[in-house]
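Down below are the structures I want you to see.
In the two complexes that follow, chain A is the common piece, with chain B as its partner first and chain C second.
Right, the complex of A and B next:
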């Protein structure tokens, strides 16, 4: 179960079927990103794919009949119409057509009627309909998926086909569980379940051997764990996303001072970049040491090897040069990224921030924490976004505390012109179960208490990474075989298996985070087979956007006491 | 070959062909051009290597860093292992629609094809014995294709406007249907000829037919439906027959890429075998193959440059295509051809081989001693000497040197010896033709034969 591999196998197959010769790849907006996540452009060049074209943007009328055209598009109405027009007056010699998802037969018929010059060679469905980020992490690139706390129709359709794509590309027919009480999760589970039954000919995989439980598709809701998306991150990939924002494996560095031109935008791909893939989940301390060692030996060697005297030296140099160039490019790139991260950490006092965040997320100590938040949010060195994050965490954590000081904090933020309206929005966004379980300070949960006690006895390894996301706890429960039927029921009447499933696909409505990807990665290293996906991958900034759209149109129920801050205009 | 003093510098300036020492880079190149001008490509590769080396060194005075990177990066491998050990993942589900697609498409195409064929036959008739006088042309046309009675048609079928004095009826010369002037299309006689006869060359000004065709209005009026069918046919013909120069160049390029792939593998094999101290391949083999690969790299470079130089409009897709191909070729050369491991130095190889021989001899010595001890223990010494062992040593020595010692015995008429000589001949031929796979098998045969020969001579004694 490796989603990058799954997409690559599909792409390689398409190229292989087109055979030798010069090729062009015709894509739409989404499939362009899908392919770029799995293969670099230079990879494609080596496979004789020399040109790339978008079917949905201004196209030239140039005819290049000696080219073979590989078409890889989503089966949307618009795309079919565009492709029909292309086939009526074909620009290329032959066409190999691949749809990224299930396409109705009527559309095939319409296309066949347009192929008057007999140039179509293949028509297939290949379910590469999602963006692979890490080997066990995928995204659907839907920035916001809810409105008025329910699905936006378009987002729901895209999500259903995305999940169907993941299942078919990994040849999995799962049982489906969803988070009880979440309407979006239930809707999605139902839709996926219906599609699987409707397309039962596609999902006719060999059933698991006797006694082996079927794979599990677990549908969750971001609203149950809003904290994880707000915390300062300390593993490499998560940090880069939090502080610099990763978009389709690309990081925009044009705002960084003193960056050379060729590094204005860098590609961070676990597939193409060894250093990155080895250090995805390293924490910042480790990675700083790694890169420092690398540079030290680099400099030492450079001094030693300055003289090239014999021809043998020269030859050796020439022969190792391309490799050297590639390697030094990579190191250079990461050096720039890491130094920018480290600059931001000290500029924004993120260590201090993180300590308080983690403390609030893991330990209840109201009055001391309130004092610290109060102090920090007024200080200039704490950025206004970070101040807002602190208040958000505090407001969720102590929503029902008798001496809740949210209003006071919001007034302080308002004085700094912060986006105060986000706090009531967030309180409307979080789910009932987050309220009851995550932030409950009054009711005492016996299991959690003992667990916390044990944790307390062991001592905290790292102050900045003590928080554990809800997903990790949940997965551990499932893998231990504990019953989760109450909170995460099956969508259909399934016979519950005694043994825990060995393969799990988790999907989070409202976006996953890199912290959760790390949790999944840790479990996978222990030998489990888990894949995580989300409508998107959030950092705190994009998560707040999601919260605003999701609560648009929803009435204020939980935050009446914060009425003064309901509107954005008064900021 | 080597003088003893400062031999370490001279190593690098040995002419690979005649092995003479040339002290300096310039004089070596000079020597090369003077004495071995027939090996042009080798000279070229030689030069290229120096050129690149010089360039790189001038630009950047750090070297051999990649090894440092490798070594510093490698320890990390264990510390952040790959996620779950990858099972051989199969490709995901694929659903094929081509059967249904062709089931819809092909009958339609056949219908079009018969219709188009009909049109082409008519067109052919219209063009044969075409009179010159316009009035006669009309008669000729009407004779061949029955025109629809204009009275039956009140409106133009394609634009639905009514006919009257200024919007007159016209007939499609191929199917005979009615349309207005605005909806008419025209096919030039020249084009018509190329449709009915794909091998038809556009007429030259001095050709005999030109007299008839020169009239500017001389073209065939036809409806859009017929035009569409005919154009479709013409395009299909064109796309099948047209092979622009870039296409041919590209085919050559790919062929060389394909041909060089086994050479690259072979080269690495030879180098490893040399370092292992095997005598199957010689240093000269490695050098020759390296030269061949270098030559291919040059051709690749040249071809891709030619592709880049093809004429095309600025900013066009064609231009982008040419650039991409060139880029891919450069990358291929850089990654596969410039990174070849260097040829080991002759001394080094000799040392390795010497070491093997000594080890071998030591082993034999040890065995002999053990045997001797055993003999002494059982008081059998003096019964038989050990001629065999000394002989083994000898043959092992010569085996490293391609068994040259046995060449002296060529005039005996032993069939085995003859066989051995034949195989030696084959090896020489294979080496000349750079068929290195063959050399390996032949060498194997040779050593088996020689072993057999040795056993037999042993028995005779």
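Right, the complex of A and C next:
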């Protein structure tokens, strides 16, 4: 149950099958990202893959017949057409074709008819059709997947094939549960279920031993937990994503002042960077300590490097020089990233922000919180995006409160030229169940009340991380074996297993967050086997984009009182 | 890791397609053959064949790879030999030591050869005209260097570990003799047991034993039983002056041999330094953005795009240049005419 390993295995197999000799790898836009996330160029060079090219753009028309060509593409219409053109006038000696997903027979026929020179040696489906980020986190890089609160057709197709890819690469034939009441989740579950049944020969894995419950595919909807995507996060990976944006494990630092040229863009990959893989999930305080230790050991080494008196010292120096270089590269990179993070935190007063956010997310204390929000959003040092986030959280939390002060807050935001139209949009975006369960302040839930009480007695360990995402609670319920049939029914009429599943794949429509990845990681540390995926990985900014497109075309039902702010034009 | 095998299906479809084509085309087989022969002129065939063959430098690449693989096998041998040498036993090992030295030299020679080959391959980069090929060579060189680098690193580590262990053995024997200080016989035995470096310390104890027992040293011995043992052994195998001399000669001989050996290793390390320096530049790249496949593909693309733009610009320049050229000629002609006019009128 490690998605990075799964992708790597596929790639290695592809290269292995092509045999020895110089090879070129032909990819499309998406598979380029998929491969880049799993292997570095050095890894590929070791395997005699020396050239990399995209099938869809920027190709030279030189013929290099002595090269073997490994084609790894998604089976889309465009790609098939491009590949047939390539096969009609082959540039390379032989072709090994791998599709990242199930390809219709008619397309194979079309390709076969183009291959008149018989240069194709191998055709195979290899289901590496998703981007692996951490060992237990994958994404499909679909920035926005809904329109008027239902699937965009293209996004749905991509999601289905992505999930099928994950299931096949991990050899899992799961039972499927989906969030009751969410139309997108139900649609997706249905489609995945149908595909599994249609391709039952592919999914004919060894059934689990007697008594062992089958793995579970759990399809959730971001609309049930919009809060998690909005809160300021404090784990390293999540912070970097929130403040600097991680894209395919790459972080663009070109906007940061005083960054040396070679660090304008850095790679944060858990696979290649030890320091990063150890500290992905440590919070900002811990990270500060570890980076200090790292620098101390670096300094020690640097000092050692300096005193070269004897031949032995010289020898040692030459030996450790590459390591030293590598270490200094890592230190430099993380230092730049962390110093930028801490700069932004103090500049935007994120600690203060976060305290209030967490307070609103976890405790109900309307009047005091409203006062604090009012005070903060007018202050200059709070950036306009952060002010918007505060209002969004407030508006969702106290939507039905008798003295709801959203209008007043929005007016204040409008005075600062904020994007006020987002608040009514958000209120349309969140689902009914989020309303009833997350933000309900009137109905008293006995279980929740006692749990809160116990929590209150224990005291909060850290004010900035007290909020627990819905996903974690849900997973704990499932792993404890509690019945969730009502809220998360099976797609088929299967007899529900009484024992909790040991392997769970969670997929969140509308994007997962690194905070949830952290929750999954914590559970995995306890010995469970859970993988999290989403249409994309959100930070608050990309999430707001998602909200805007998702609610486009949807009627305003819940936010009539905010009519004045419905249009984007006044922003 | 599920996969689905489609090659059979593909070739089936391919065959049926070509069969159908043949079936429906009116030309008979022989006619078709004739046609093909006519259409594909000899030149084209030749060109195709030339394309199929890998370029001349590819042999060198294979060669280098072979050399590096030889290094790897030699490394295994060396490792085994080191282990054998460090194992304390009574077997005479000078042969092994010589062999080790030879092996070490061979490995560093091979690494040198591989390095030189890589440099030659690299130089091909500037002779080829094709951009793809240039990129290909660049990446091949990079890949080879990384492999070579790993080999060199393990080689160095191995040698270092060996030197270190010999050193610690030396220290260990030093400690051992310090505690025994004056017993010649045990020295002799352990001198055979462990290897030469023990003779360094051998001098000291023999000297003390030749001058007889030192009472103060005796005091150091806390164990009375052991003391008795010493007295029992001593008369049987007491060293005389002649033996001592013999030892000293042996000692220096072996010291020399040891020194030579160490020097050899150091020399090979020095030789490798140059190679090493070349290689270490590459390490920094690993783990940075330069090592990302997508980044490289993108940058090639943007370079291609930029190249196109440059080309267009150049073309534009070219055209404007021609215009300028015309203007220039015309103005020269006009000037000439004016001068002519003035001259004829005057």
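Before moving on, here are some points about what is shown:
Going forward, the second predicted complex is superposed on the first by the 565 of 571 C-alpha atoms of A that agree within 3 Å, B and C clash if a C-alpha of one lies under 4 Å from a C-alpha of the other, contacts with A are read in each partner's own complex, and residues count from 1 in each chain.
Definition applied: contacts are C-beta pairs under 8 Å (C-beta built on N, C-alpha and C of every residue); 3 or more make two chains touch, one makes a residue touch a chain.
Computed from a predicted model, the values in this text were never measured in an experiment.
Three-chain overlay on chain A, with chain B and chain C in a clash. When the shared chain is aligned, no partner comes close enough to touch A:223: not chain B, not chain C. When both complexes are overlaid on chain A, the residue A:65 reaches chain B and chain C alike.
Look at A:127: by the touch rule set out above, it reaches both chain B and chain C. When the two complexes are overlaid on their common chain A, residue A:267 makes contact with chain C while staying clear of chain B.
Looking at the shared chain after the overlay, A:33 reaches chain C, while chain B stays out of its contact range.
Of the two partner chains, both chain B and chain C are touched by A:115. In the superposed model, A:241 lies in contact with neither chain B nor chain C.
In the superposition on chain A, contact of A:191 is made with neither chain B nor chain C. In the superposition on chain A, contact is made by A:136 with chain B only, not with chain C. Only one of the chain C stretches 131-139, 203-211, 293-301 or 329-337 carries C-alpha atoms that clash with chain B in the superposed arrangement, namely 131-139. On chain A, the surface touched by chain B in one complex and the surface touched by chain C in the other have residues 6, 9-10, 13, 22, 42, 45-46, 48, 50-51, 53, 60, 62, 64-67, 93, 102-103, 105, 108-109, 111-113, 115-116, 118, 120-127, 168-169, 171, 202, 311, 315, 318-319, 321-323 in common. Only residues 1-2, 5-6, 9-10, 13, 20-22, 42, 45-46, 48, 50-51, 53, 60, 62, 64-67, 93, 102-103, 105, 108-109, 111-113, 115-118, 120-128, 134-136, 168-171, 202, 274-275, 278-282, 290, 293-294, 297-298, 300-302, 305-306, 308, 310-324, 327-328, 331, 521, 524-525, 527-529 of chain A touch chain B when the two sit together in their complex.
Partner chain C is touched in their complex by these residues of chain A: 6, 9-10, 13, 22, 27, 32-33, 35-36, 39-42, 44-46, 48, 50-54, 57-58, 60, 62-67, 93, 102-103, 105, 108-109, 111-113, 115-116, 118, 120-127, 168-169, 171, 202, 205, 248, 250, 262, 265-267, 269, 272-273, 311, 315, 318-319, 321-323, 325-326, 329-330, 333.
The touching residues of chain C, when paired with chain A in their complex, are 1-7, 9-11, 13-14, 17-18, 48, 51-55, 58, 61, 130-133, 135-136, 139-140, 142-143, 146-147, 149, 153, 156-157, 160, 266, 269, 273, 276-277, 279-280, 283-297, 300-301, 304-305.
Contacts from chain B toward chain A in the complex involve residues 8-9, 11-13, 25, 49-50, 52-53, 56-57, 61-73, 76-77, 79-84, 86, 89-98, 100-105, 108-109, 112, 232, 235-236, 238-239, 242-244, 246-247, 250, 254, 316-318, 320-321, 324-325, 327-328, 331-332, 334-335, 338-342, 345.
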